[in-house]
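Have a look at these structures, which come just after this line.
Below, subunit A partners subunit B and then partners subunit C, in two separate complexes.
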Partner chain A sequence: MGNRPDADRLIRVLGFDPAEALDPGPGTDLAAPVPGSAEHTWAGEPVGSVPVPEDGDELAALAEALQAAARAQDAAWPDPDPAETRRLVAALTALVPAPECPFAAELERTWARQPGWLARTLAAVQPQVRLLERPFWLASAALVAAGMPLLSPDVAASLGLDLTYGAFLLLVAPILATLGVAHAFRGISTGMAEVELTCALTPAQLVLGRLFWVAAYDTLLLGGASLLSAALEPSVMLGWLVLGWLLPILVLAVTVLSLSLYVPPWVGGSAALALWLLILTQLTLARDLPIAAVTDPVVLLPLSAFCAGGLILAAGLIARTWPRLTTRLAGLDTWGRRF
Partner chain B sequence: MLELADVTVRLGGVTVLDSVRGRLGPGVTLLTGPSGAGKTTLLRTLAGLIPPSAGEVRWWGQSITAQLKAYHRRLGYLPQRPATYPEMTVSGFLNYLSALKALPPALAARRRDELLEALGLSARAHSALRELSEGQRRLVGIAQALLGDPEVLLLDEPLESLDGDSRARVLQLCHRPGRVTLLATHRLELVPPGLVAHWSLDAGRLAVES
Partner chain C sequence: MTDEDLMRQLQQGHPDAVEPLVRRYHKPLMAYFYRLSHDYHLAQDLAQECLFRLVSRAGQYQFPRPVKPWVYQIAANLWRDHRKSAAYRHGSAALPLDEAAEMPEAGPPPDDDVASRLLAHEALAALQALPPHFAEVLVLRFCQCLTVPEIAAALELPEGTVKSRIYHGLRCLRSRLSREVTCDGQPARC
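On to the complex of A and B.
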């Protein structure tokens, strides 16, 4: 623009610099008419294709033409409807940098702390205790307490049962473990595991957390009851008794878990319990031994061997599933319900 | 920024998602498509629940599998089924999930109360989830997804069973500067305008409509 004062006057009049505004930009089709503006030309040529005049009068005329074009364009473009405005506001809002949010900032500070392995594990395990609510605690305790009358030989005799409390504990321990694990992993079939696995814990932490609480509570209950049994029942040996329920609860817990990766937990639990009863029957009744003989090393030794084998099999099943553990734990790839 | 880099998911020999490619930026993106188009599978893949058969999901340029825990901390996810533990109370349920999300207890309690207020559920805070209507359970599900004020929000059919007022509340909560939200629905009429983008899935293929 040769005449600077005139150019400045024009800019003041227009509110923008026509030299910039008239720059057609790469790829612009100057021959294409602007919507609603038949007169959008200057000196018979499309706007933008002629050099910006230097003469003041010509510039004033150009300003008038541009204003007319702008008015015509405004008239041709209707006001945006509310939906378009909302869309524009949403798009622009999304692009606004997030303001400093105290909540997000405090979260980031918490997560930035790097606790040790033990603290991380405890942090992952501890919340899962909330999943096992009052009915679980009470039902497990009630089941263990239900056999306490057997501590009195008179009660057992009056009931016609040849059963000590120690033997009773060995029989109910697998039931406790099965029901506990099936209950703790019920989220696999209800869809909750899908949500839980998008929280801040790994599948392994989820599995170990739940197994820990079930096994720890069962051990506490059965441990206390075993001490009572060993103290009051002369035929019961504490070491064998503890071995007799500890191995089964471990093997049943792992078996129910591994089956629950393929079938709903209650189906897996029922199958594991049925298998357990079959083995127990084979080791006692099929050998003409009373069910009370379950506390006898004659039964306990082969039972322990079965348990060890079962643990290896179940662990192998979980290891085989490991690459798809998240998907299976989320209940998205179980038998009869694949995604 | 969430990116799908040629993501293919095959399930039982069937290709459910076929080389899906796209970028999800800040704002609410609508995901539509007929039943069986692969919407839920796409959301589960984005949530890290289903590993892609090919391709990868990237969050800020890096595969989510390489940073799953960090990604999950910043993710809010609502599955298609309103999943809850029916015997838990609304507060108990949200407290449980806050703990799983590793939220500091005091902050989590404040956030829980804010969300219950915003969703009109304050009066039901101590009700068992089994006592709630399906719509209220879905609102609780949305509250759990929003607990950690997530950067990435994946909602599968969040507007089902909700009345107009609740739908407006939910959509208002979805908007937050910088948040990437993908909202899947098969009922377009439930969604008001004001969304950044619209993705349409058909037979596992993605058509991106701005």
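On to the complex of A and C.
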């Protein structure tokens, strides 16, 4: 049995009383976790009654030797190469997780609570309503509402316009789509950018959510106006008319969006609209057709071919930035570093 | 600034917290892995991998949980994974003591009954020849200066088990070193 000074030395160097160490018993695998209950003792005796082993002094000396050797080794250990440390820090910095955003977390929780994909989609789309702001809703409605009375046969004739209701809708549709998309994605110069960056969605989801509202609202306005046109002009074929304005909405919206990934939305919108008008002019006026002929299948069919080409081009432009669009937004820091 | 504050900053996305953490833990982690592996390049790789895991898992950190045991928990898991790997099984699994002395020269050991008969690097080198569950607790306790609760947290073991392993590990180490010194030719048993 060891003496008290030996015991104190061993306790000091171990950091605990060896009597507290468990005795797993002969033949027990020490590698296996054993219960940490204070009821156990390594000699099968109650805690505190276990004598210090005879080799306590040697064990203490060995532990001290280990500590001293480790300290000496630490002192002699060369510092990591500064250049290597810099490289390591740079590599690790790129791994720093994006900051947690309470708004995004709450949005995600709300989203996850929705039952079914339709409810989740609507929950993702709904916040975009507020982001579009009042000018979008009012200006779009005002454009359609102001145009319809102007184009009544009496007023149009007095203004010298050779336009039908249907032709008006086909002309106004691309303007609505262009202005709507350019406004919805009006960029980082507005306060909307900050809201966008705290959104828990990926940019692709955000884009689809906002495009949905632009397209849905324009469709609602022009759909109503088409029904009105059909009522006022019985000669109008409603199917061709709807196709006539639905195509430009789709094509212009996607084209403006794809161009906005590379240039400011207003630049992209103006370019897309100018190109659209050029194509329309070529298909009508250059062929000695009145502008009202845009509702005619003779114009609509080649126009559809141009639309298909435009969609393919826009899809290519979007595909080039797909990794960015599918990266989750999480904060301004993330934007600054990774975008 | 404490390790815990730095980890919280890291969690909040502040990249400036990376460098202080690297400066605090890179060298100790290299020393930890070297003491277990006696392979400088492996220690370097594992230390870097450990830091990568620390940063990439910063989101899992729960402030104000102590960081040091968490770092060594990652390190211990890495070392266990490495030991299970094919490279370890087919390569450097069993370096004899006299071949495992690449580490920087240690200073003179204390003038004592056992220690005075040992070269310091022999004591450290002998750690590698111990059963792994003993080696890891002895390195953490006597070389990396972790407390018993910290080791228990790092290895996810009860404190009683850690104390038991430290004690029996020390006896095992003494037994091996005594046989090395006396050159009795018997294989060391713990």
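Keep in mind that, in the parts below, the second predicted complex is superposed on the first by the 197 of 339 C-alpha atoms of A that agree within 3 Å, B and C clash if a C-alpha of one lies under 4 Å from a C-alpha of the other, contacts with A are read in each partner's own complex, and residues count from 1 in each chain.
What we mean here is this: contacts are C-beta pairs under 8 Å (C-beta built on N, C-alpha and C of every residue); 3 or more make two chains touch, one makes a residue touch a chain.
Keep in mind the model is a prediction, meaning the values are calculated, not measured.
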Please work out whether A:L118 is in contact with subunit B alone, subunit C alone, both, or neither, and reply first, second, both or neither. neither
Touch test for A:T110: subunit B only (first), subunit C only (second), both, or neither? first
Inquiry  = Taking the superposition on A as described, I'd like to know which of subunit B and subunit C A:Q126 touches: first, second, both or neither.
reply    = first
Touching A:T93, do we find subunit B (first), subunit C (second), both, or neither? both
#### Entry: Touching partner for A:D57 - first (subunit B), second (subunit C), both, neither
second
*asked:* Going by the contact rule set out at the top, does A:A142 touch subunit B (first), subunit C (second), both, or neither?
replied: neither
So, A:L66: does it touch subunit B (first), subunit C (second), both, or neither? second
Check: subunit A residues flagged as touching subunit B and also subunit C 89, 91, 93, 95-99
Given the complex, residues on subunit A that touch subunit C span 14-16, 18, 20-24, 30-31, 33-38, 40, 42, 55, 57-59, 61-80, 85, 88-89, 91-93, 95-100, 331, 333-334
As the complex stands, subunit B meets subunit A at residues 11-12, 16, 25-28, 41, 44, 47-51, 68-69, 72-73, 75, 77, 79, 81, 83-85, 87-88, 92, 95-97, 99-104, 107, 110-111, 141, 144, 148-149, 175-179, 192-196
Within the complex, subunit A is touched by subunit C residues 10-15, 17-19, 22-23, 26-28, 30-31, 35, 48, 51-52, 55-56, 58-59, 103-110, 112-115, 118, 120-121, 123-124, 127, 131-134, 138, 141-145, 147-148, 152, 157-161, 163-168, 170-171, 173-174, 177
Listed in rising order, the residues of subunit A that touch subunit B in the complex are 83-84, 86-87, 89-91, 93-99, 101, 103-104, 106-107, 110-111, 123, 126-128, 130-131, 133, 135, 186-187, 190-192, 194-202, 324, 326-327, 330, 332, 338-339
